[in-house]
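Across the two complexes that follow, subunit A remains constant while its partner is subunit B and subsequently subunit C.
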Partner chain A sequence: MDKIARIDMGAAGGPKVTVAGLGDYAGLGGRAMTSLVVAAEVHPLAHPLGAENKLVISPGMLSGTVGSMTGRLSVGCKSPLTGTIKESNAGGQAAQVLARLGYAAVILEGKPAGDDLYKIVISKDGIKVIVDNSLKLMDNYPVVEKLRKEYGDKVAYMTIGSAGERKMLAASIACTDPELRPTRHCGRGGVGAVMGAKRVKAIIIDDAGVTMRPAKNPEAYRDANRKFVEGLRKHPVTGEGLPAYGTNVLTNVLNEAGGYPTNNFKTGQFEGGSKISGEAQAELEIKRGGSATHGCHRGCVIQCSGIYNDKDGKYLTKQPEYETVWSHGGHCGISNLDAIAQMDYMDDNFGVDTIEMGVTIGVAMDAGLAEFGDEAGAIRLLEEVGKGTPLGCVLGSGAGITGKVFGVERVPVVKNQALPAYDPRAVQGIGVTYATTTQGADHTAGYAIATNILKVGGDVDPLKTEGQIELSRNLQIATAAIDSTGMCLFIAFAILDQPETFQALLDMLGSFHGITMTGDDVVALGKKVLSAERDFNTRAGFTKHDDRLPRFFYTEPVAPHNVTFMMKDEELDEVFNW
Partner chain B sequence: MNITVKLFASFRTGRFDIETGDYPAGTTVADVADSLNLPQSELGIMMINNRHVKLDRQIAEGDILALFPLLGGG
Partner chain C sequence: MKLETLKLHLNSDDLHLFFPLFQKGVTVPAIVGCTLKSLLVDQFAIPVDYVTDRITTIFLDNRPVDDLDRTIIQEGSRVTLSAAMPGLVGATMRRGGFYAALRQGISYAADSEKTSDTSGTVRLKLFNLLLAELAPTVLARGLILERDEFNELLRNLPPQTKHSQQDTGMILLTATF
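Now for the complex of A and B:
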């Protein structure tokens, strides 16, 4: 990864590709690369869908190597949903392939004047930008099918569906999995709308003729990777729970803990929870000839995904994640896995974030557009998004806008981004992360659920305020660093509990680059990323008053614990005071 | 006294999902786990009536005890 490609989509005479060395960005990857580029190069007051915004695509620091779990791809820009800086990452094959081709980043800049739609082909022979108007308004599954006929099965595809072309604020960028299904999405923050605004429909990444990225110290790297994999395999979360049940194993846990947001955050327990739990889902997947264990990219040893077949045994979608099952399930009062899986497929196909979309449907239900529990009504609303009707464009712009258009008071967003599947009143620690992260409400930014609820990496009482600020701070710093390495965040469960597995990760980073890495170096990297992001947001006009939850979390107690969000504003303001 | 025990994920294999049983007064979470042959080292999340508890917690009549292995997701 010794070069950065810049593609000026608005250049006179047509898109222009420039490839140069790393310059100031040497050594960076993933979120560190995307956030430092956006912070340095994008005007903080730029319109996110305008020519001044940039879409930065970056594999992680260890992507494209023989190292396990290194397949995360970061995409960064100024978010059209939140107005903040944005980093959205996904699995799939794209990161490994792009890294092997030597690109530390591919940056889409400018905006073409006309209506032409482009595809970008990246291979060892260079980068070509080609007009292809035959792809217009195609959704992700059909567009990948069409491109496969031309470019084959040994490449990775990044695509946007109709939602991205229509510049909907919930639009995602899909990355194909090893079987070339467009199921792994850079979902959050409307990154697909930015790609659509630049009129780029697809990026085809072909690593034929290139090899794995070599480590500076190959023997030490292999040895560290072996210890790292051993650590992941022996930890109960990464070695047993996630492979067997997937992320949706959390439905029963959060429901039992009273932190499962139900019917648009009206209560913390869902009566139909067990019907849509990971246990029920895994059993159904296996019974129908699908699979409850599947990796989103080659080299994954956790294998948290799966294959969800319909009742006739035909592929319907990949195993819907916990967040997706919640947002289209309990949040909407829906307890039918088939309806949820159908909506997961539709989200992936149209190219929208499953969290934002499901939360939006629940807000629309609060507005009376459908009843809570009405599966057919929920699917009908989602169909509007795929058709791009005026109602669909409102819904496709997310929960915040939908709430405003239809006069809903209970709208669970921070910085206009929808809350994920944990009620911040019953899990105070995750509320701190939702409120303060640079990204808008995001659980992955500082996953306090681990210590609050799962009792991994420590034990902090979810119903008390003590210890939550420090916890969220430390997790946000660690996450910003992990998101830069290309490692899947789920490695955190093992490295939080097992010092030798954390050491193996440090040794992988060190031996790959021929240096010695310490825990302090990781902390310094995380702080550097967060500081750049905070600085961008400040210049974009965000203040401490934006680092708050919606008022109803402070005023409406949630059952069964009958608690409100109790963190004081002054405490929230201390999260980034390190 | 009656206690309802709920098991989740791999703990259900060869056992049950939910069962109400008669236990002697003073029964602790550890006692219930032992009676179900659940090794203490495998216990991840323990809750009584939706609140996290530790192994030595005494259970009261009518309580609902939920036992999970170590789990993660997100």
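Now for the complex of A and C:
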């Protein structure tokens, strides 16, 4: 990955492609690349859907290699949903293919004046930007089907659905999986709307004629990767739990803990939880001839995804994730897996973030647009989004906008981004991350449970209140670093428990780049990324007062534990003091 | 309490039919007043190593438990057992885990001392990997089912296990595979 492509969509005479060396961005990948480019090059007060914003697409530092779990793709910009800097990442094939073509980043700049819609074809022969108005307002599944007829099955596709073209703030960017289904989404923050604003419908990435990225020390890299894979396979989470049940295995556990937000965060337990659990979902998938074990990209050994078939055994959608099952399920009082899977498919097809969309429907239910538990009503609301009706455009702009339009008081957002599937009153520490992350409410911003290995910020006494602040800080630092490697965050479980697996990861990074990596280097990278992101947000006008949860979390106790969010503002303000 | 006893011998392929029941929770006879560790090791006969290494997430009455030796089981206690879970919150719920501080407001506060042992029942839930691994042990020991729970289970069991039942009372069901 020795080059960066810049595509000026607003250039006089039509889009213009420039390819240059890495310059100041040498050695970066993934979130480090997207955030440092946006922080340096995008005016913090730019309109997110305007010509000044940039959409930065970057594979991780190890993407495109023979290394396992290296297939995450980061997309960054100024978010139209939050107004903050944004990094949203996904699996699928795109990162591996783009990295093998040598691109550390592809940056979409400017904005065309006309109404034409474009597709971008990236191959070893260069980059072509082509007008294709036949793709207008097509959704993700049909648009990929149409493109496959032209470009075949040996490429990766990145597309937006109708929601992205309509510049809905919940719009995502889809990346195709190994079966060329548009199921892996850079979902959070409205990155699809930014792509839509630049009038780019699809990016076709073709790595025919290129090979895997070579490591500086191939033998050491292969050896480190072998040890890394062994570590993942022997760990009970990455080697057993996730392959068997996927992330939805968390439903039963969160529900038991009283931390499962139900009926728009009114209570912490859902009576229908066991009906939509990962255990129930996996059994149903297998019974219908689908699969409970499937990788989102080649080279994945965890295989936490699956294939969800309908009652007739026909493909309906990929295995819905825990957060999706929650947002369209318990959050809306719905306990029918088929209805949830149907909405997962609709989200993927229209191109919207499943968390934002499910939370929005729950807020709409609080506004009286449907009853909690009304699965037909929820699907009907989602159909409005797909049709682009005025109501659909409101809903497609997320929970915050929907709450304002319909006068709902209980709106679970931070920096206008919907909260994920863990009630911060029951799990206070995750509330610290929701409140303070640079990205808006995001569970994955503090997800890399490797801080004890990294010794980020020193050891923490888990029995003290201030431990929660320290832990959130350390988790956010570790996550920013792992998001830059292109590694799936789920590797963190094996790293947490198995020092030899963490060492294998460091050895992979070191042997690939021909350097010696230490835990301190990883920490420094994470801090560098977070500092740039915080600085951008400050210049965009965000203050400590934006690092707060909505008031109802402080005033409404949640059952069964009857607790409120207890962290003091002054404690939250300490998270980024390092 | 009227308690009808029923023993079943089933094909191992039928074990999964009990999984929805275990996820919702089943009532099992137990000596209460003991520690949680004693309940699992001495009464349920689960090997200590398995308890330590495999049952990494335990809830008592919806509260994550950290210290099995200082957690006392009472009549009607709700005990939930899970293997290691993914995600930050999965790690947070782990027994005595590095991230336990993140859920400190809901953690089970350790009991000071054991009370006297008496016969009673506990409500037991099994999740994820532990369903297949522990359900046979629990079933061999016996479940106390409400009549409607039992009738629902019977609807899913193979025809040869159909059993003429009274309309009222509870069932002590044991099953081997």
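One rule holds in what follows: the second predicted complex is superposed on the first by the 559 of 578 C-alpha atoms of A that agree within 3 Å, B and C clash if a C-alpha of one lies under 4 Å from a C-alpha of the other, contacts with A are read in each partner's own complex, and residues count from 1 in each chain.
Simple rule for what comes next: contacts are C-beta pairs under 8 Å (C-beta built on N, C-alpha and C of every residue); 3 or more make two chains touch, one makes a residue touch a chain.
Values in this document were obtained by computation on a predicted structure and should not be read as measured data.
By the touch criterion defined above, A:G467 reaches subunit C but does not reach subunit B. Residue contacts after overlaying the shared chain place A:I107 against neither subunit B nor subunit C. When both complexes are overlaid on chain A, the residue A:V325 reaches neither subunit B nor subunit C. With both structures placed on the common chain, the touch criterion links A:L135 to neither subunit B nor subunit C.
In the overlay built on the shared chain, the residue A:A280 is in contact with subunit C alone; subunit B does not reach it. Looking at the shared chain after the overlay, A:M566 reaches subunit C, while subunit B stays out of its contact range. Looking at the superposition, the partner that touches the larger set of subunit A residues, subunit B or subunit C, turns out to be C.
Judged by the touch definition given at the top, the superposed model places A:Y245 against both subunit B and subunit C.
Residue contacts after overlaying the shared chain place A:V427 against subunit C, while subunit B stays out of touching range.
Applying the stated touch rule to the two superposed structures, the overlap between the subunit B and subunit C interfaces on subunit A comprises residues 236-238, 240-242, 244-245, 247, 249-250, 252-253, 256-258, 269, 274, 278-279, 304, 322, 443, 447, 449, 461-463, 490, 493, 560-561. Residues 16, 19-20, 23-24, 54, 56-57, 59, 62-64, 80, 82-93, 98-106, 125, 127-129, 131 of subunit C touch subunit A in their complex. Across the complex, subunit A meets subunit C through its residues 236-238, 240-242, 244-245, 247, 249-250, 252-254, 256-259, 269, 274, 277-280, 283, 304, 322, 422, 425-430, 443, 446-447, 449, 451-452, 460-465, 467-468, 471, 475, 490, 493, 496, 560-561, 563, 566. Touching subunit B in their complex are the following residues of subunit A: 235-238, 240-242, 244-250, 252-253, 256-258, 269, 274, 278-279, 304, 322-323, 443-444, 447, 449-450, 453-456, 459, 461-463, 489-490, 493, 560-561.
Interface residues of subunit B facing subunit A in the complex, by the touch rule stated above, are 6, 8-10, 12, 17, 42, 44-45, 47, 50-52, 66, 68-74.
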